[in-house]
Each structure stands twice: as structure tokens, then as C-alpha cells.
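One chain, chain A, appears in both complexes that follow, with chain B as partner in the first and chain C in the second.
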Partner chain A sequence: MSDIKIGVVSCSGEECFGGTISRLATRKVLEDLRLGEAVTICLPLFIAGGEEERNFAKVYPTVAVDGCSKLCAMRATEKYSGKVNAVVKVDEIIGKEKALEKVVSLRELPSDYMELVDKVAQEICKEMDKISSDILKKQAEEELKNSGECSGGCCCCGCK
Partner chain B sequence: MSKVVVIPCSGMGKVYGLLAREAANKVVNELKKDEAETKCLAYIVTGDDEIRDYMNGKKCITIDGCPKMCAAKNAREAGAEVVEELKSTDFAKQMRAMKPGTATYLNEEGWQVVDAIAEKITTIIDEMEGK
Partner chain C sequence: MDKKTAILPCNGLDKCAGCVSREIAIKLQEEKNAEIICPVLFRVADARYNKVASENELIVIDGCNTRCATKLASEKNLKVSRKINVTEASKQYGIEIQSKLQIGENEKKLIDMILEDILKKDDSNGENSSILFPKVLDYEIYKKDKFIFRLPKEGFYFNENDVWVYVQGNLARIGVTDYVQQSLSDIMFFTPPIVGSEVEQFDEVGAIESGKAVFEVISPVSGKVIRVNEALLSNPEYINENPFEKGWIAEIELKDFESDKMLLLEFDEYFEKMKRKVDEFHV
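== the complex of A and B ==
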């Protein structure tokens, strides 16, 4: 497990099924697939909260998860907090029509919902891993630069 | 009368957010289909003109899951008239539902709290309509 914490901000959309899947996939990442690596914030806290909440996307590299093409999580995060590193578009994963279906209670979820949740959760993890590896790569490059050492391999700079 | 907008906070990190979300869902899709609707809170947060215009002056019932009162504050910020601010925590406390589930799934205790919140909203809407 890497020490890097990554923010996952989900839309939780109350009007359509895509919002339900956003929420469930984000929860799966938080409490199962990337337990301890993923952190979240309630999106409406960007307005209702204070400075600390508004700094969320400045403190953490962030993945937005959106239920439909309105991309509310991404846009609200960028408007009030900071640039997101990636966006997971649920409607592109489960299909626009399905995403825009009426929201259903957790008591009435369709039989294939877990499959959809898994697909979206995997996509969130993929984006998180990419962000982590980019950060680690950058850190390693910085360290090398600061130590003045060469990375070796087929280097021809003349260092030992 | 135009439809009452029921807005839950849906808080991602807490079971109380999920209680609020499910209660709103029960009201707008089951108990008060013709009198109530919901709007995505995240959409309201974006502050887009379209949703601000829609919310402006609309009668709202909000359900929040913690003292930050995100749903109530954001609805007001968007220009809505919040006629009632409910807290799912109050319902859980009153019903002594100490462990209503998680932020992902509810248990039987949780569903009872959902039903109680939904009933309360139904009563409020009936009163608003002079029933």
C-alpha cells in the first residue's frame, strides 16, 4: 500500500441511477479496494464548510466520479476547491441510457448492479494508481536530481 | 402548487447521509410522487444558472446528516425557500437506532429510520397543502 492519499469526490446524484452507481462504486473503493489510500469529502461541504474543506483538492490529488454528463462533482470541485487530476464518467462506463434511468432505492437495485459498481470501482482504482505512479515517478526524479546522482543504465554522462 | 423539492445531503462518509438519501427517494418515488421531487444536490452546488433559476423561490424540505447542514445551506444559497430542515441524526436518536448500518448499506434498523423520516416529510407536505 502506498502512503499517498488520494481524494475521491463523488456526485451521489439523487435524480438518476448513475448517481447511485457513483456513490456505491466510490464507497467500494473507500472501504474495500483502496482502504486507507482513498479519502473522500461530502461534495456540498465545499459551500457549507470552511477553509479546510475548500482546500481538499489542493491538499489531495483528486478523482471526481460523476453519474451523468453534467459532471457536477468535477465542476463543483474545480470551482470551489482545486483542479481534479482525473474524472470517472459513469455514463460512459454503464451507458448513457442506463445512467439516466430513475434513481432506485437500495432496496430495489437491479440484479446486475454489482457488476456495474465493480466496473466503475475498477476505473476509479485505475485512475488512482495512475496518479500514485505519476507522483512516485516525480518524487524519484526529484530525489535523483537533488542527490546529483545518475540513474545509471545506458547513461553516457560520465558519472560513476 | 408546484412540487415541493426534497433535498437530502446524501453525505458520502456517513450512514446518516444515506438515511437522508433513501428517505428522500421514498418520498419522491413512492409516497408523494405527484407532489414532491428531488434535485441532485451536487448539481445545486455547481451554482449553474439553470438550476439556480429552477430552485429560486421553490419550497424545499431538506434532510441533513450532520450539524454542517449542507443540504439546507446549499438549497438556500440557490435561492430556495427552505420550509423545513430535518436531521436524520435526530430521527435515529429518537428511535434509539444506534447502528443503522453503514454509509454503503442500511440494516433493518436503518430502514425503520428511513420510513420514519419519509413519513414525517409526507405529513409536512400534507400540511403545506392544507390536508
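== the complex of A and C ==
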């Protein structure tokens, strides 16, 4: 486990079932699959909040999770905070039709919801891992550059 | 229940209270045929909801005291007919909610109780008050600059927190005094106490809010809340117009007024205190 914390911002999901799945998948990542590695913020607070909340996407590399093609989480994050590193589009994972069904209470979830949540959660993890490995790679490259050593082999950077 | 209702929940994801807000909204959508306004989409693209939000009775549900949904409603200048704060309600009902995001047994219980309260209020709409409140009140007046402070001369008791009570048999009506409404100036929201809840003397029994501050109504008596002034939900400004008459707050079935009375002030005493407060503080 790396000590890089990654922000996951889920859409609010009052427009469609895809939103419900976004929330559940984000929760699964936060509470289970990437416990301690992922952080989130209430999207309404993000938008309504002050400086501190607005810095979220500047402080954390961020994955937006959106239930439908309106992409509220991505749009709101980019408008108020900063560029997101990745977007997980739930409708592309579970199918447009399913994603656009009406929102449901957590008490009355359809039988196949677990499967859908898992698929989306896996996708979120994949994006998180990609971001972490990119960061680690960049860090390693920078360390090497700073120490003036080269990774070996033949190069033309002037190192010895 | 024919009037269409719109619900604006905060629905925040990083707090369990936000998840509870969302659950309440979804249940209300089914029970009241209400329409949910997605707070994020409302901000990002408000044309989708402008009509729904302004033309219907609007219920706002906040998860916590950050009150994201309330802030959004006031930014959009919406008239709110009912406000629910999940964290406050959990305190009022004595049901603790978890910090994890799951909807567990306690959360379910809280959701059901809040829903029951909302739906019960709908059914009791239009019922007449059983208290025979005087039609005309005789006021003493104290003026300070352009402000006028009235105080009914007879039949009322007051507590130090500027809340009045009018008692009839085992029933009481309560409200705030002119000192409160003048200090707050334009009142924008009224959070009613929960009908059926038991309150002790000096417990909080609802709140009113203006652009300046939130005022917690401190109950002058102990007993059970049996009715709230529903008119204030859509017209909180009645409190500014006359907090003793159409701006009353709630009615309470008294538990032990004789002992409550020992800690209350009668007209003369409160009038003097109020004058002093008015003189000392700038309203």
C-alpha cells in the first residue's frame, strides 16, 4: 500500500440509478477495497464550501465517479477545484439504459446491484492504481535526477 | 397531500447524515409523490429545476450543521416550507447515527421517525387549535428609536430567554417576544419542534433564523408538543408581524405548570427586564 491518498468524488445521484451505483461503489472503495488510501468529500459541500473544500482536487489527485453523461462530479470538481485525473463513467460500465433508471432507496436495491457496484468499484480502483503508479514513477524519476544518477544503460543526459 | 412537493436534500456522501438525508428524500418521493432536486445538478445546470423548486412546497433536508442544502436554497432565493436537519433530529430523538456511511438499524429508525413526523404534520394540517386564545390583546408599548416593543399585559408568562407562554387548563401556547424578532430582524426560516416530542422546561423547542442569526426557542414549560404553527413554515415573517398572535410557535400539553411557573416572569418583571435589554444592547 502506498501512502498516496487519492480523492474520489462521486456524483450525488438524484437523477438516476447510475448515481446510486456511483455512491455505493465509491463507498465500497473507501470503506473496503482501498481503506485509508481513498478520501472523499460531499459533493454539495465541495460546491457550497469555502477555500478549504475547494482545494480538495488541488491537494489530492482525484477520480470523479459519474452516474450518467451529465458528468456532474467531473464538471463540478473541475469548475470549483481543479482538473480531475480520471473519470469513471458508470453508464459506460453498467449500460446506459440501466444507468438511467430511477433512483432507488438503499433498502430496496435490485438483486443485481452488487454485481454492478463491484464492476464500478473495480474500475475506480484501477484508475486509483494507475494514478499512484504514475506518481511513484514520477517521484522516482525526480529522485534520480536530483541525485545525479542515471538509471543505467546508455544515455545522453551527461551523467557519469 | 395534493399540493406537489419538491425536496432538496443535501445528500452528502462523506457523512452518514448525508446518506440519511437522501434516504428520507427518496421515501418522501414515493409517499408524497414529491420530486427530488439533485443539489449538484441544480447548481451546475439550474434550468432543470428552477420551476419545480419555486412553484411547489419545498422541503429542505440537511445532513449536518454545514447546511449545504439550506445554503443552496437561500442562494437561489427559494421559499422553504419545511427544513429538516438530520443531525439535529437525531439529537432530538435520542438516536445516535454512525460515522460510517452505512444505513444501519439506528439510521433506519431515525429515517422512519422523521418521515412519520413529516407525514403526520400533513394529516393534521388545517386542524383547529384547541386552545382558546384571546382574540384581542391589550399591549404595553416601549419605544426605542424607530423600534416598538409590545408586551401583552395579561395572561402571559415569560422566561429570561424572551419566550412567552399563554396557559389555558393543561394546554399552553408559546412564542417569542418582540425583543427577539426585532433583534433578528427579517426572519427567513422556522424550524418547528417535533409534534409528539416531550420537552423539559428550558429545552430547545424549535428555532428561527434570520440573515443575522439563529435563535433557539427555549421552552418556558415542560410537556408534550401537540401542535406547531404550520403557517410559519411557509410564512416565517408572521413572527416579525406579530409574534404574540399569528407568529405563535407551538402548543404544549403541560406536565407540571405549577412548578414551571416558579421559574417564569410575569408581565411587570419581564417588561422591566426587556426595557433594560433594549437600552443596553443595540438592536
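We take it that the second predicted complex is superposed on the first by the 152 of 160 C-alpha atoms of A that agree within 3 Å, B and C clash if a C-alpha of one lies under 4 Å from a C-alpha of the other, contacts with A are read in each partner's own complex, and residues count from 1 in each chain.
Criterion: contacts are C-beta pairs under 8 Å (C-beta built on N, C-alpha and C of every residue); 3 or more make two chains touch, one makes a residue touch a chain.
As the structure is a computational prediction, the values presented were derived from the model and not from experiment.
**Student:** Sharing chain A, do chain B and chain C clash or fit in the superposition?
**Tutor:** Clash - chain B and chain C, as placed by superposing on chain A, overlap.
**Student:** Which partner chains sit in contact with A:Leu136 here, chain B, chain C, both or neither? Use first/second/both/neither.
**Tutor:** In the superposition, A:Leu136 contacts neither chain B nor chain C.
**Student:** Between chain B (first) and chain C (second), which does A:Leu35 come into contact with in this model arrangement: first, second, both, or neither?
**Tutor:** After superposing on A, A:Leu35 lies clear of both chain B and chain C.
**Student:** Which partner does A:Leu144 contact after superposing on A: first (chain B), second (chain C), both, neither?
**Tutor:** A:Leu144: touches no partner chain.
**Student:** Just to be sure I read the superposition right, which of the two partners does A:Arg23 touch: chain B = first, chain C = second, or both, or neither?
**Tutor:** Both: A:Arg23 reaches chain B and chain C.
**Student:** May I ask you to decide whether A:Cys72 touches chain B, chain C, both, or neither, giving the answer as first, second, both or neither?
**Tutor:** Both: A:Cys72 reaches chain B and chain C.
**Student:** In the overlaid three-chain picture, which partner chain does A:Ile47 touch, first (chain B) or second (chain C), both, or neither?
**Tutor:** A:Ile47 sits against chain B and chain C alike.
**Student:** Identify the overlap between the chain B-contacting and the chain C-contacting residues of chain A.
**Tutor:** In chain A, positions 10-15, 19, 23, 26-27, 31, 40-45, 47-49, 70, 72-73, 75-76, 79, 103-107 sit in both the chain B and chain C interfaces.
**Student:** Name, in rising order, each residue of chain C that touches chain A in their complex.
**Tutor:** Of all residues in chain C, those touching chain A are 9-15, 18-19, 22-23, 25-27, 36-41, 43-45, 63, 66, 68-69, 71-72, 100-101, 103, 108.
**Student:** Residue numbers of chain A touching chain B in their complex, please.
**Tutor:** Interface residues on the chain A side: 10-16, 19, 23-24, 26-28, 31, 40-49, 67, 70, 72-73, 75-76, 79-80, 102-107.
**Student:** Within the complex, which stretch of chain B touches chain A?
**Tutor:** 7-13, 17-18, 21-22, 24-26, 29, 38-47, 68-71, 73-74, 77, 102-106, 111
**Student:** Taking the touch rule as given, give the residues of chain A at its contact with chain C in the complex, in rising order.
**Tutor:** 10-15, 19, 23, 26-27, 30-31, 40-45, 47-49, 70, 72-73, 75-76, 79, 103-107
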